[in-house]
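In this document, chain identifiers A, B and C correspond to the written order of the chains, with residue numbering beginning at 1 in each.
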Amino acid sequence: MEHRLSGAGERAGFVVELEGFSGPLELLLELARAQKVDLAAISILALADQYLAYLRRARELQLGLAAEYLVIAAWLLYLKSQLLLPPEKREAPDADQMARDLAERLRLLDAVRRGAKWLAERPRLGVARFPRGMPEERPLRRDGGAAATLAQLLRARARLGGCRGGELVRMPRPRLMTVEAALERLSRLLAGREWRELSALLPPDYMELLPRRSALASSFVASLELARRGEVELHQERPFAPLLIRRR
Amino acid sequence: MTAPDPLSIVEALLFAAAEPLTEAAVQEVLGERGDAGTLLRELQRQYAGRGVRLECCGGRWAFRTAAELAPFLARIDRRARRLSAAALETLAIIAYRQPVTRGEIEALRGVAVGRGTLDLLVETGLVAPRGRKEVPGRPVMWVTTPRFLDHFGLASLEDLPRLEELEGASLFNPADDR
Amino acid sequence: MTAPDPLSIVEALLFAAAEPLTEAAVQEVLGERGDAGTLLRELQRQYAGRGVRLECCGGRWAFRTAAELAPFLARIDRRARRLSAAALETLAIIAYRQPVTRGEIEALRGVAVGRGTLDLLVETGLVAPRGRKEVPGRPVMWVTTPRFLDHFGLASLEDLPRLEELEGASLFNPADDR
């Protein structure tokens, strides 16, 4: 919906849209512009008349008017009445000053609005200028050191208690096969020079998935170690074929 | 590995970053390898006239595409939100009169500043509160941020045309607007 | 305004793109202004040896910072890190029994030493690998660093009190911690 109002009669020539105004001062500024004179030389009396006429027209057209338009209207009416009186009869002796202040405010608003327009025409980031589309995360390197105190370190040592005198405490043997164990086992099981599959040499009690994998991996490493020492030979027909082992 | 060219380090650092970096931040990465100020200006010189420029906004450095190439970058996602006339006007008032309270902005615009307008400006990172005015009610004062400069491609607030200039030229020249 | 350099268009386009671009996509933006393939390769040549490279991966082009510069671009986190009980125990074992393998640490603590625990100690600069144990698998051996002594204000490893001495002081009653 668009409301277009033509300025009535003798001052015609301006066409304004009520919806285009964000407030009474902007409307006043627009009306002042229509006087086509420097804002310093603006006629507040003429401006007040135009403003009031404009509001009357808006009312006739039943346009909603915000309260602030009416507040300014009342104030302008009062200012006008004061300006029409000779200075010695005014209740507001500073009426001329009030008129100058209004003109000053309109000038400042006008300048700021031009500033806004100037900003809007700048090559804005994300509109005319673009940042890197794929910014890269810089790697993080920690260089903060530790916050531990000597007391904490010593407490930790004390907690470990048991291993006094430089003697290792043996924990229950894990169900995972170490390379050492595999090495010992392979050395023991391999006899004679016939080829045997490495997988056949895994311990039978290691049937669960994880222990079996650990037994296979450790036995494989152990077989490589034995081959390196020159104690065994390894043979594999092709990739993924059974790995064969025999004593050298 | 040979020691990397310090200019390459500055180039890579700024290319990787999404946000502008201060000279001090660049110097920290460089360490003893070179002088950030000298290298930044050298890099800016090398990129002058290319499709990407090294810009310095409010003492922060960032690579940005050249403004005149905008028509070719239409397919790039335009993340910047359109600012309403009211938001732009509020922003201009803050830019020119900072630090300024909401009440002062309203007095100048002659209309209440909608909560949403300031919120939007804060959300887009263009303005920020700074301090309170020592008057009854101690209202928050608003200022523009470094991002404001980056957003509008201004080297500093000094780049804003002076209000008197804006006011002076053919203020009510009937030909000049609307 | 003079017509923009097509090379600048390609440069700006790749810089601002949110994802790597195919040659066809670049050509579409260029239109009749140039051959995307030729321009991409020319741009790649210009950036070779700089801090940023134009890379083509799976037929898509993108700028990337030079991989070899990564160590120089690292953000440095200088916050001191709190050591967990597990890390402290591991550190104590390394301090008292060095050089020691991970397997030996595990045997002493009776639980597996998480990869992160040793990594953390290495990151904080308190421990370092030194040599390998001549047993099958040749595991790495761990020792404390000079920084370890510095950090805990020790003149030498000899200064570390023995366990019996620790037990004398109620401060180090194992029950009072954790």
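Just so we're on the same page, a contact is a pair of C-beta atoms (placed from the backbone, for glycine too) under 8 Å apart; a residue touches a chain by one contact, two chains touch by 3 or more.
Owing to the predicted nature of the structure, the values given are computational and were not obtained by experimental measurement.
Student: On a CA-centroid basis, which chain has its centre farthest from subunit B's?
Tutor: Checked the centroid distances; the maximum from subunit B is C.
Student: Whose Cα centre is nearest the centre of all Cα atoms in view?
Tutor: Minimum centroid-to-centroid distance belongs to A.
Student: Between subunit A and subunit C, what is the separation of their C-alpha centroids in Å?
Tutor: Here the centre of subunit C sits 25 Å away from the centre of subunit A.
Student: Per the centroid of Cα atoms for each chain, what is the distance between subunit B and subunit C, given in Å?
Tutor: 35
Student: Can you work out the whole-Å distance between the CA centroids of subunit A and subunit B?
Tutor: 17
Student: Out of subunit C, which residues touch more than one other chain, so two or more?
Tutor: Only 12, 15-18, 63, 65, 73 qualify.
Student: Which subunit A residues touch at least two other chains?
Tutor: 130-133, 136, 138
Student: Show which residues of subunit C lie in contact with subunit B when the two form their complex.
Tutor: Per the stated touch rule, the residues are 1, 4-5, 7-13, 15-18, 29, 50-52, 63, 65-66, 68-69, 72-73.
Student: Touching subunit A in the complex: which residues of subunit C?
Tutor: Touch list, subunit C to subunit A: 12, 15-19, 62-65, 70-71, 73-83, 85, 88-89, 91-93, 95-97, 103-104, 106-110, 121, 123-126, 135-137, 147, 151-154, 160-161, 163-164, 166-167, 171-174, 176-178.
Student: Per the contact definition, I'd like the list of subunit A residues that touch subunit B in the complex.
Tutor: 22-26, 28, 32-33, 35-39, 68, 72, 105, 107-120, 122-133, 135-138
Student: Show me the residue ranges of subunit A that touch subunit C in the complex, using the header's touch definition.
Tutor: Touch residues, subunit A against subunit C: 130-134, 136, 138-161, 163-164, 166, 168-171, 178-180, 183, 221-222, 225.
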